[in-house]
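The structures come next, written out as structure tokens.
Two complexes, one shared chain (chain A), two partners (chain B, chain C).
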Partner chain A sequence: MVIEIIDIFLSGLLMGGIYALIAVGLSMQYGVARVLNVSHGEFIMLGAFFTWSLYTYCNINPLLTLVICGPVMLLIGFVLHKTLYRSIRISSGGGAAFEGNSMLASFGLLFVIQNMAILIWGASIKGYSYLAFPVNMGGVIFPANRLVTLLFAVIISVAFYLFLARTRLGKAIRAAAQDPDAAGLMGVNINQVLALCFGLGAMMAGLAGTLLSMSFRVQPTMGLEYTLIAIIVVVLGGLGSIPGSFIGGFILGLIGSIVSAIEPSLSLVAYYMLFMILLLVKPTGILGR
Partner chain B sequence: MLELNNINAFYGKVQSLWDLSLKVEEAEIVALVGANGAGKTTLLNTICGLMSPASGSVSFLGRRIDGLTPHSIVEMGLSHIPESGRVFPDMTVRENLEMGAYPYHAWKMKEETLKQVFQIFPRLEEREGQLARTLSGGEKQMLAMGRGLMSRPRLCMFDEPSYGLAPKLVLEVFRIVNSLREHGITVLLVEQNVRHTLEIADRAYVLENGRMVLEGSGAELLQSDYVKKAYLGL
Partner chain C sequence: MVKKYIVPLVICLILFMALFAGCTQPSTTPAPPSEPKTGGEQEPEPPKPEKDKIVFGSVHSISGPLAIIEEAAFGPIRNLWFKDVNERGGIYVEEYGKKLPVELIEYDDKSDIGTMTRLLEKLILEDKVDFILPPTGTAMLYAAGPVANKHGYILPGMSGGATTIKEIIGGLPYFFSNLNFSDTQVPAFGELVSELGVKSAAVVFIEDLHGVEYSGAVVPEMVLRGVDVAFVKSIPQGIQDMSAIIKEAKAADVDAFLCLAYPDENILCVSQSMELGFNPKLMIFGPGVCYTFFKDIFGDEGVEGLMSWGAWNGKSTPESQELIDKIGVANVDWWGHNLYWAGMQMLEKSIEKAGTLDQSVVREIMATETFDTVLGPTYYDENRMLAAECHTGEVGQWQSGQFEVIGPKNKATAEPIYPKPPWPGQ
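Up next, the complex of A and B:
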């Protein structure tokens, strides 16, 4: 019984780490850049395929891929915002019209990226084996790669939080999230910062994809499920709150593993139930205002 | 130092500024007074880069700045303290002040500037670690003013700094604005509190329906029949 509880708790944390990472990424894109990026999961998928390809064809260590994948995704996200979302922002005149139009554009992006991935990698399920040896933790056995995933998810999230809390650029990002015009008056180049935030969101997704690929299957259509989870976590944690997304990720991971222990097919149902209840009872989330 | 020539600006499709010209010389306190909706805020937003004029020119320190983005205008030494302060609610008082020193040249000296700002606003030092959202209205205004000074500006523009404050705090705000002369900071002050404003202003402009209707020294305008009748209720 005790072992079962530890098992449920740990697998919740292991999943929660990934949820936290992808939700923090979406939180950057929606909370600051105001783009509800429905194609968030596609960036996770790209990160996963990127890692799979490098491991399968070049034998590059997935943990090393983190260092390559992060900057590449950051750049892709940055350029995407500078071109696509910037022109939507100008043509829609900002505000609610921009939020609607940019979400539609990201739907388009979802299909473009997904189909490009099918063209490049094919539609079949892929995977590889890395650090798959079992680790015994107090009677509960997990593959080592799951633990490494959690460790890196936490390290990346905490490092990112410190970046936002301590550095000059991080403070500029927080200021831009709270009042973009006032941040501009302080000397912050708003267009750069919004693009950077979108890029950072894509980077988090890419890193999550790299970590996921070590223990989960990789396929071009894997993204949407993660996007939905990220949206739920962001709402759970409170819109625009980075610590909220982080904590929310772990809460959702734990809920998922508790429900899976009872009936594995019900975990997604539980997520959506939670989402609906949350919107009805506390739409501001745990740390939102 | 700051010169506006024949500015025309639109708010949506409605013209809100008509052929406006204005000059602020180094070390002056220049005031812009007028009723609600006269175009005062539009004018300041046009200067600081939040809006662009449809025609006319804005120059600061001899360089054209109309059409530049707000961040590059701040970097030149023109600080704008917007209406109702607009402090960052979820940042601490100290973080808000640090944001004010965002331009590189100011960031390098931020500890030193912070000391000077704390001297002007001792209240902010007491509240250093508090979130800005928890401050009172007066404290928020002080924070906005302190934050505006953190970029070490040559010229400061204030948009109704005394709005909504208790009478005692109103006096305090005017005293502080007046004291900026000693720090070598030029001021362009927008206010509805016409009497106090004209008392500290070297020169003033009266704006009505987007047009300049009167211009003169603070003392002259205080004595003018027009101002007395329209704004001082005498």
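Up next, the complex of A and C:
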């Protein structure tokens, strides 16, 4: 019985690490750049496809791909914000109008990226086996690749948090998140910071995609399911809160694991039930302002 | 006073006329062909009507979730048929006195049923195609059936099917069913289970028509064969983690694990079974396992011994290898490509025999005649479902990179591998 409980708990942590990584990027994009990026999952999909391509055609280790995929996605996100979202921000005059318009634009982006992926990689499912063997830890068996995924998810998330908390650039980002106008008056180049935040969000999504591709299938339509999970986690953790998203990811993973152990058919229902209850009871989330 | 009512009266009159005009649609049932004239006086032969091609219309899922199946299963075989027929000069139609090349008008339904039915009607009413082809997957096919029937268009149903089709096909005389499904596959699997001496099993099924149908057939079959069913569990589409179920099956130490789901869930189940070291003696999965992409993901060693529904290969009939060479072995769907091809061959031969593109005449020939196809002598039963005797196999198994037919016994191309070999590197 004790082993079963430990098993469920650790399985939840394994999924939770992935969810946390997915959500941190979206939280960054919404919390600072004020873009509710519905196409967030498409960046995860791109990261997964980059990794699959590099592994399949160039035999590059998926973990090494992290250092290639991260900067590429950062650049894509940065350029996207500089071109698309900055124009929308200027034409909307900021505020709620920008949030609405940018969300609609990201819907469009979702279809553009998804269809581009279909044209490049085809619609069929891709995947590969990497570290696909069991690891026995005190009688409890875990997949090696998911343990590695959890480890890297925690390292990346903690490094990201330290970057925000300890560096000068991180301070500028936090200032922009609190009050962009005041941050601008204090000498922060707000356009650069917002574009960087969007780029960092895309980078986190890309890294999550790389790690996901080690354990899950890869296909052009995979993005939306991860976007939905990311939105639930971000709301659970508190809109715009990076530590909140991290904690929220683990909580969602644990809930999924517990429900799956009792009744697998209700695992996805549990996520949405949690989402609705949260919106009714504590709409600001765990660490939301 | 009179002026006050003139404008409303005119509007009512226009609406009334428009309403009636809308109700008087042209007859959609094609007229029967005229009887040939008999008699002593030889009339000069009337000039043949002009037509330079036969236009087929197809609405299928180029984008959206169903695009995976479209790309892996139906797209390649459909395109190949058009290429093949045109290379042979087309289909001979006596009414026009020549071979007519075939042309395809295709639309993307974005994996949306509403879009599919709308575009299907567009193909029939606006594009006025000569024939239509089936959309992607069972649910789409079910929705397309009534539309095709309403307009008197033959719908060859090679892209999906389920046992429940038997309940509705009687009211859809233009619908033809080509795929094999649980009513013939599960009994063959049952025979196999008895032959192999399987003692216990765990069943997982997806919460939709496919999963409910297959689990509803498989579980009683297992019980009938004296197999102890440890558990039957449903999973939702899009499930992210099946480790709890796999660990439960591992703890129960079952001989057989049945995952009656779609490619997404089947891939997750295989990868997590591998990762958790769960290797029962028999593993069978739903659609996807017999597609080439599945083998590409896990490799020849990874799929060795895995079973799925189907099945066919180059040894099934004398013409099978020729078809595989045409498709290219890397692109073959080992469940339905030969059935799809046979369906198209039956349609082609029916048109040739009818000598006309008249749907009702072609339909009558399709429903009643026997044709030589890639399956051998092929025909539909009284319900316009491909006769079970024409199937090339019901259960298949990956063996050394080849999808072998292992059930029923009289159609088998290889002996089943039992128990399943260990996962690679374990």
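Basically, the second predicted complex is superposed on the first by the 289 of 289 C-alpha atoms of A that agree within 3 Å, B and C clash if a C-alpha of one lies under 4 Å from a C-alpha of the other, contacts with A are read in each partner's own complex, and residues count from 1 in each chain.
The rule is simple: contacts are C-beta pairs under 8 Å (C-beta built on N, C-alpha and C of every residue); 3 or more make two chains touch, one makes a residue touch a chain.
The structure displayed is predicted, hence computed values, not measured ones.
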item: Partner chain in contact with A:Ser91 - chain B first, chain C second, else both or neither; value: neither
item: Touched partner set for A:Phe216, first chain B, second chain C, both or neither; value: second
item: First, second, both or neither for A:Thr83, with chain B first and chain C second; value: neither
item: Which superposed partner A:Ala172 touches (first chain B, second chain C, both, neither); value: first
item: Touching partner for A:Met186 - first (chain B), second (chain C), both, neither; value: first
item: First, second, both or neither for A:Phe133, with chain B first and chain C second; value: second
item: Superposition-derived comparison: chain B or chain C, residues of chain A touched; value: C
item: Doubly contacted residues of chain A, that is, touched by chain B and again by chain C; value: none
item: Of all residues in chain A, those that touch chain B in their complex; value: 168, 171-172, 174-175, 178-179, 181-191, 289
item: Residues of chain C defined as touching chain A within the complex; value: 62-65, 67-68, 70-72, 207, 233-236, 238-245, 247, 263-264, 267-268, 271-272, 274-277, 288, 291, 293-294, 296-299, 302, 423-426
item: Residues of chain B touching chain A in the complex; value: 48-50, 69-71, 74-75, 79-80, 82, 86-91, 95, 98-100, 102-103, 106-107, 147, 151
item: Sites on chain A touched by chain C in the complex; value: 7-8, 11, 15, 114-115, 118, 122-129, 132-134, 141-146, 215-217, 219-221, 225, 256-257, 260-261, 264-269
